[in-house]
Structures are given as C-alpha cells and as structure tokens.
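For reference, the structure discussed in these notes is given below.
Letters A, B, C and D name the chains as they come in the text, with residue numbers starting at 1 for each one.
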C-alpha cells in the first residue's frame, strides 16, 4: 500500500513530533507513505478568510501535484489541511465554472480524483488487525478523551465522518491499542484554532473548558489528530496556569504517538518529550523494558 | 346534422383578446353549421335562452359553445340543450377562455386559435351520438380506516345517520393518540374523560362493525361499489368468550421484556396485554415476539388461568371482505421520534440534543404520559432517569419541524399549543419549578389559543426565549442547554433537570403503501392529498374516498373532528341517492370484429371486461368475445388504444371522432 | 427556409384530469405561453393510440405533445403506466416512419402544475421552431396528388 | 448594479434570505461571547441591506470557521462560508477592520506563503510582531518552542515559488505586507 503524504506546514515545525511519530509508526506497520513533491501551504484559515479563490487555488495546486505524482489517495494528517484540500476538491468537482477558473490560475488540469484521507481513515485502512498485531505495551491505565475538533468532522456532508455530533471512530482505534476511552461532551467543540496567536485569551478559555470537561469525565490524557488543536490544548496550558492558578496539567498526545507507545516506542523516539506538558508513565516504560530484554 | 355555434365574450374575459364576432362569422361557414352567434354572457339566463331559442327555430341537433373551460360550464350548457329537447351529449365546448384569451395577448393570433378550437369542436360534435347517463347502484355502507378520534367521529356520524359502518383499526384498541394525552388545550379538560365515552359508543353502536387489530389488504371497485379485503390479525384470544377480567395479564410471567407502546416506552407490559385499562374492546392480544409459548412452547400460563377458555394459540390471521360504497381514510400521524437505540430508529439526527442518548431528553408524547394521571408516574412529575422531580424543565419547539436539514420543511402546527400546555401543566403541579420554552415563532391561530399562550406566560410565569437551541449535554446530573435569545441578542445557558422536545408530526410510515393499495395520491411527506385545497379539502381525487384528520396534514383535535364530520357528510351525500349517475363515456365492444385476444382485459384497471360466449341457435359455442360491464368501466380508453383489431371503442372518444379533430387542424 | 418567422403547428394530446386541468390553471393564473399549440382532450393518456400521432404528422403537424398525469396519480389508477409502456415501443416505430422523435414530446403535468404546463409548451415550441417545419409527409402527400 | 447581497450569493453560491433567523448558529458558536453582534445578526444586516454595519462588525473577523453553525443549521445555510465572503468583501472595499491583530496575523501568514510557498514560523512571528507591535506576548511559549527546534530559523523555499506568486497575483491578493 503506497499512500501519498501531504505533511502541511505545521508538520515541519510546531508539530514535528506528529510527523516523527507518524513516520515511525507507519514504518513499524510496514505501510509506506510517500511525501508529495514540492507541496505548498494549503492556505489554511488565513487564505479562506481573505479570498475564496485564493484558498481554492492554493489547495488546488497541491491537488494537481498529487495527481501528477499519481496518488490514488493522499494523507493529510493536519485536520486543517485535510479540510481545506477536501473542500477545495469538492467545490472544484461541483462547479465547472469554478474548476475552469482555478485550473487557469494554477495553470494545469485538476481531475479531482485523488482521495484525500485524514489520519483516522489512514489507520482504518491499515486495519485494526494489523495494528493490534504490533501491540507490545499495556495502555489500559490510560483513560483517553478523544478530541476530534472541528475540521476533521465538519462539514459533515463533505467529510462524511461517522457522525457529526457523536463521532466514535477515533475511540475505536484508541481501544484497539489497549487504552480506555471516556465518554465526554466536547469531542467536537472548537478550541479557537487560528486565533491562537492573535486572540490568545479566547483560545486559552476555550481550550481550558475542553480540558476540564475531559478531566471531569475521568480522562487522564487527551488524544488529538490536529496540530492546531495540539498547539492550543498543549502549549496553551502554560498560559492557563497563569490564568487559572489551580490549573493542573493534562497531557495531550497525537494519535500516532499513542499508537507508537503501544508499539513499545518511548517518549523520545516519538517526540513526546517535545510537548509542553510532560507525559510520563513509569509503569509503561518499565513494561517496554521488560519486553525489550 | 344541423349545428349551432354560440361564442361567449365572458364579459371582457374572452372578448378582450378574441374577436368573438369574427369567430362566430368564421364558424358560420363550417359545414353543417346553420346558425352562429356571439353574446356577452352565454352562461347567463338570457344567454342560455338564445341557445334554447335557436335549437327550436333552426331545428338544431348539435350545439358548440365557445366559452370557458368545460370543467366550468359544460354541465350548464348541456342542461340548456337538453331542456330544449336535444340530447345533452350532442353539445361540445370549445375552451376559449382558459386556453386562449387568458394565455395569449396578440388578438390576431388568439382569434385564429379560437376559430381552430371551434372547428375542432364542430368536427367532434358531428360524430357525437345521443347518449344517456349510466346509473349504477350505491352500496350504502362506509369503511372507516383508522380508529383514532377522526375515525371515531366519522364512524359515529355516519352510523347515527342510519348507515352501516365498518371501522378498521390496526392496533388492539381504538382511541389513537388522543387516548394517550393528559389534558387538552386550550380548555385543559381531561383527554380520556371526553374520549372514552365516544369509544364505548362506537363499541356498542348497532350500525358499527368494529374490527381492531386488523388492516386493509386491498380495495377493488369504484365509487358506490367498493370491495374491500381486510386482514384480521390473530389475537390468540376469542373475542366472544373473553370477559376482559385481565387475570391472564396479571399471571403472564413476561414482565420486563416488552415496552408499553401506549406509555411510549416509559413502562413495560406483559406479553398478553391490552394497550391500556380503558381499551376498547377490552380484549387482550398476545405479542408473539416476546411470548414464551411462541418462543419455545414452554409456558401457557394465560391459557391455564383463563376460566373462560378463551385463549387459542393456534388462531390464524383471516381475510374478510366487505362491500362498501364510500371509504373514509383516517389513519392519523406518528410522532417524529428517535427510539432509545438511535441505530434502530428510522430517523437520525439531533445528536446535538443527545436525543435518544439521554434518558431525560424526551418527546412530547412521553411528557403527556408522565403528566397523565393514568401514566407510569400516575401524573406526578418524575424524570425517567432517577425518578426525581425536575425543578427546571426546558421545552424546545420545532424539533424536526421547519428543519429541512434534519427533519421536514413544514410546520407541525400543534407544537406551539401543546408546549404551552405542557409548561402550564408542569407549573400547576410543581409550583417552585421553572419552565423555559425555546421557540422560533408562536403560531397560536385558533379560538382561545393566543389567550392560552399568553396565560402560560403572564399567569403561570413560563419563560419564553426566542431562538433555537444548538446543543444539550450532560454535566454532573444537569442538562446544559445552550441557546441564544435572538431578541436580546444574548447567549443563554440553562442547567435543566429535564428537556422536552416538541418533535414533529409525521405521516404514518405505511401511509404511502396504503395510498397505493386504495389508489389515492399522497405528497412527498406521505400525507394524503385532497382534490382541491380550497373547495374540496376532504375529498381524495378517487371518487368515494374521503380524508379525515392528521393523515392529511398536521392538525389538532378540533380540526380532526370537524374534518371527520365533513368526510362523513360527503359519504352521506353519496348515499342520498339510490343510483349513481355516471357519464356514459364507457367502452363498447364490436362483437363481430372482436377476435377474443383479451389484451383489453389485461390492461383494464377495473376488471370491467368480461368474457362473453357467442353461440349459434343450437347453442354451440362459436367464439368468445370481450364484454364491457358498464357498471365497472370508468372510461379511461386504455382498452381502446390496446385492442389490435380496433373492436373496442370508447364512446365519446372514438377513433373516428379523434381523427376528425386531428384532420380539422389548419 | 428561414425558421425565425416559422410558426410550427403543434397538436397536443392531453388527459382530461391532469394536463387539461393544468392548462386551465395556467389560464386562471393568467400565465402566458406560445399560441402554436392545439389541444385534443382525452379521458386519459391510456386512450392515446400511436396512430393518432402518426395521423397528426400526416395532417401537417410539425410536432406532437403528449401529456398526462404523473406516474402514480393517474385518475384511472394505471392508464398512464400503460401509455408509458406503449411509448417505449413507439419511438422505434416513429424512427421507422422517418419521423425524428425530437418532434414528439412526452411529459407529465398535473392539475396543479400550471407553470410547468407553460414551460413544457414553450420549451417544446422552441425546440420545434429550431428544427424547422416537418415537410416530409407534406411532400409525399403532394406526390399522391400528382400521381393521382 | 450588483449589491453586496448578490456578491455574497455569487461567492458562496447561496442566498442570504435562506436564513430565517432562528439563532441556532449563535447559540452554538464557541466565540459568541467575544463577538459584538451574534452571527445571525450579521446575516440579518445583509438581509436588511445594512451592509456597512455588517462589514464593519468585529464578528466577521472573530468567526473561527469551526463550521459548527453550518453543520447544525436547519436551513442548510453554510454560515461559515457566508462569513468568509463577508470578510472578503470587507477587505475588497477597504473597510476599517476592528480586529486589527487577527487581520495582521492573516496577512503575515499569507506573506509567508507568498514568499516561500510554506509558512515559516520565525518569519511569521517576526512579521506579525512587527505589524502589531506587541513584542512580548507569547513569551511563555515561543522560547520553549524555539529551544525544541519547533520554530524553524531559516525559511524553506519550495521550487514552485513563482507558481505561488502567480496564484496570489491572479487572485488579486497582492498586498500581503
């Protein structure tokens, strides 16, 4: 199985551990991912808030490249990139007029037949069996709150995610690797996303709410599938500490990092040590040593 | 043949765009036309007299009137003609208003078209033959489908007028949704107290044959003469023997397997059961899906304890046929619900309200059961999850209604009122409780309705908030309801103990199937469609089939009752005469030509074509030919078009006549 | 020949219960449509015999419109189904007779679809205008006249 | 003469009068409490032809595009898309933006893409800080990220840089700096 890989800007910087752990895990699963040549930014929020055509064109370029490289499917691990690419493709496929316009701008044809998949679809494609074969560590002490955020599940009529309000597909994967999941309210609540820098206080408040809801429902870790969500939930906890004196830390892991842990990799290998909130489970570390012995 | 042509100006309506005088002149030159004239109002008395006079003076035996649509005044003119002593079917109408003057502007062109249409009519009338209307007998019995308040009302009205009624109800008891309601708006009188007597009246009425736990299988025939096949589902209880003592139900070991449909899944019922204590008839049925005997033959407790020996496990469904002249459809509605297991429910959506997930997020009917003295909480307000008394209830309107993305575009009409009632009932019982209603618009059109809603707000202190709720989630025992007050422009968050969703009224899931069985049209929602939205609101387009109640559209009790009485009246109008007059447009067979291939029988939708033996004097069979039963033939002419030897002809629309019209083109 | 000022002759076979009433509705709502159409009322599209249509063309129609109740709500339960079934065969026949089946249009217009009736008529009239007059049969008829 | 309502309809492919003002969008909006008007009010402004009010509102810039409203709208009205279009028009008409910081961030972000094809944090942060002049916020996060090598020091320039420039020119989004 050869899947195209569109890392997206964050993967090269703020979310390099996402990229790191993903590649690691994919190797272990001996499922290759091939990076898209000369990919450019999808435009993210900034593009579509300023110009509809610009956002379509920026994503359009990458879609065209993917087709050139003959990708049947292309993974966009960042929920924002996934969302932008998917929506652009949808809009192009649904309006010949728009399509013609964008093709002219990026000056090449766009067939729009590459299947854009998110991180969860990726692991679904690989299959629970294959994943569970590679499980070494017992993660049962983890009570994970799966956080989908916005752009993974919405708009539902385009993403066709399992459910717009009560998605469960991430839970299923998390259960497969042996962690427990908690039933909570803010699975798809927004964390403030792009406002992270310019309107930090908004993001801090929203993220705080999300973290606390996870906690009250018994979670001891939050699992995310989006660099922006991670930045807001993990990095912003520093600010939370200043805002709310009583704030106690809540570790936030990327889905591949969790799977990596289950497979027996350690924090360093997976880049978990790069997180703002430290994540240590001595029991786990011990177990993995036993196995490696 | 001597034909007279009469062109009507219809005041200015035709005259404005059609040069009527010129049309009349032109017509005068058509062959066989001996008289042609135009007049301001042909349908007026003087106008009709012109026709009658002309018929006498010129010995006319054919008349063409150029006027409004035949659907308007064909009857009028045919009567005028027959008054003048000419067979009414020798009168044809050219539609110069709806099809010419009202739809075209250029006077030249319009006049030209008018002349053409008159020519058509002349050519057709030349070939018309004098006909007499067909008379068919009327079976003065009515079938009422559905035993809710609409069906009950219709049945009683017809029966009290002295005509027999067959009332078919698919549930074990009549009563419908109204029997589930606690109290009714705007008077707040107890629903069962006013309904139960009616149910008993139906049961005891000598003219009403009540068939519960039964469904209509098929309908044949036509207005005045329907043959209906009804499936009586097996009750496994002999209705004649059963005394309704209820011992079987008490002794039935199945206690917590089956949800009570009547209590909207808020309580359980035994495997052998009557839906509710006041059920009519008070005869139990066995739910074979949960009954141990039907599972593994082990238990037969009910049979043992029944001193009347009324229980028969080997009872079978039976088919019963009834002859009726009219059918009143009153199959009612269903509430848009999501069952406790969303994956099993037919409608998805409203995950954001936790509907189907949270025990205390319930729908309107469930609230009725909780509020009802005969309900699972015997009228005390206790929430389903922990039986605690809710101190704060949020009511949300338009759930599934006015929502094209998750539900239906239409307004369910009754929710505004019943929500106000719910809030009121709650406040009356729980004085320190708070009730909030999220609404989009308050539609309280009806006698004392607006006043009722005002009372809820002003006297009972129900808080109304204008805006749709976006999300409901549970947080330590409370349900957080996120809304926006769009009037104040402020976000609202309420921590409620219980949430009641005023979910939409939807058509019965099997409605479209029934519609096809009995041959009436239905809309995209599954509601049955009337002939004319303004002037014929209770008649279906199939003659003799009438509509009553919520099977037609969302409506409240008084509207259902009045519609039911209207439908009953329509049925009785039908019974007013012993014979039905029918247009003589029926098929006729030319027995000499007929080759007896009987293709016509295959295509006839009314089984109107029979096989007739042709014998010589000594009685030997020479051949078999098709024979049309005038009583059954509806005159669609499909047989005519199908017949290879052209030996079936539709009177009034013969090939000859139509060819003549075609040839008259330009 | 110049089609711009060519006014086609179009015969419409319509059923009494749906399309004829729909046309009435177009009238009562004062909608406007092109005057090229001449309607022949039948009880049901089930009554329409393919021969009518051929006859119409023979008599010089440039186009024929057939319209009845929507499938499912035929006043006679099933008439329009039979009609529909018949058309499927009929198209081949037309072809065989050298009549371009674009000159024949089938549609379902209910009693409540005055607007649709107008659209159907205008649409079809324009279509036929674009195709120009249907001369084939006219010529054949001429020949008959000449050769006696 | 094309009104702003028409423009919106053109960009979003949906008619603003579809909205019947139930307020479900505002009810579920995570940013609601920070907005000066509720989202549904912006639609109302457009419906009423009060375009200036709509374009000048901070609300359109605070919308995070989380699509909660679009997903739950009973009228299938894609409000998030609508907000995008209003912002776009506001920029086109040179309306004074209340949420300067947000706009500056977006511009800084886009200039990164325009000049390098991808965003490059240090540049982004630099441009943004210079633009807003608030040099000392994020002191908690930035150094930490920097040390962890999460903030690239040098831009990564893609090969197809010119194709990106072309995109920006063609779509008429020139002034990013």
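The rule we apply is simple: a contact is a pair of C-beta atoms (placed from the backbone, for glycine too) under 8 Å apart; a residue touches a chain by one contact, two chains touch by 3 or more.
Fair warning: this is a prediction, and the values are worked out from it, not measured in the lab.
Summed over C-beta pairs in contact, the chain pair with the top total is A-D. In terms of their C-alpha centroids, the spacing between subunit A and subunit D amounts to 22 Å.
Rounded to a whole number, the gap between the C-alpha centres of subunit C and subunit D is 56 angstrom. Per-chain CA centroids place subunit A at a distance of 60 Å from subunit C. One finds 53 Å separating the Cα centroids of subunit B and subunit D.
The residues of subunit B that reach two or more other chains are 352, listed in rising order.
Each of the following residues of subunit D touches two or more other chains: 68.
Shown are all chain pairs that touch, namely A-B, A-D, B-C, B-D.
Against subunit A, in their complex, subunit B makes its touches with residues 351-352, 357, 473-476.
Residues 69-71, 95, 97-100, 102-106, 109-110, 112-113, 116-117, 120, 516, 519, 521, 541-542, 585, 603, 605-606, 634-638, 640-642, 650, 653, 655, 658-659, 661-663, 665-666 of subunit B are the ones touching subunit C in the complex. Residues 352, 398, 402-407, 440, 466-471, 482-486, 489, 491-492 of subunit B are the ones touching subunit D in the complex.
Interface of subunit D with subunit B (complex): residues 20-29, 32-33, 37-38, 40-41, 68, 72-76.
Those residues of subunit D that touch subunit A in the shared complex are 11, 13, 30-31, 34, 61-62, 64-68, 70-71, 78, 84-85, 87-88, 91, 99, 101-102, 104-107, 109-110, 112-113, 117-121, 125, 128, 132, 137-138, 140-141, 144-145, 148-152, 156, 158-160, 163-164, 166-168, 170-173.
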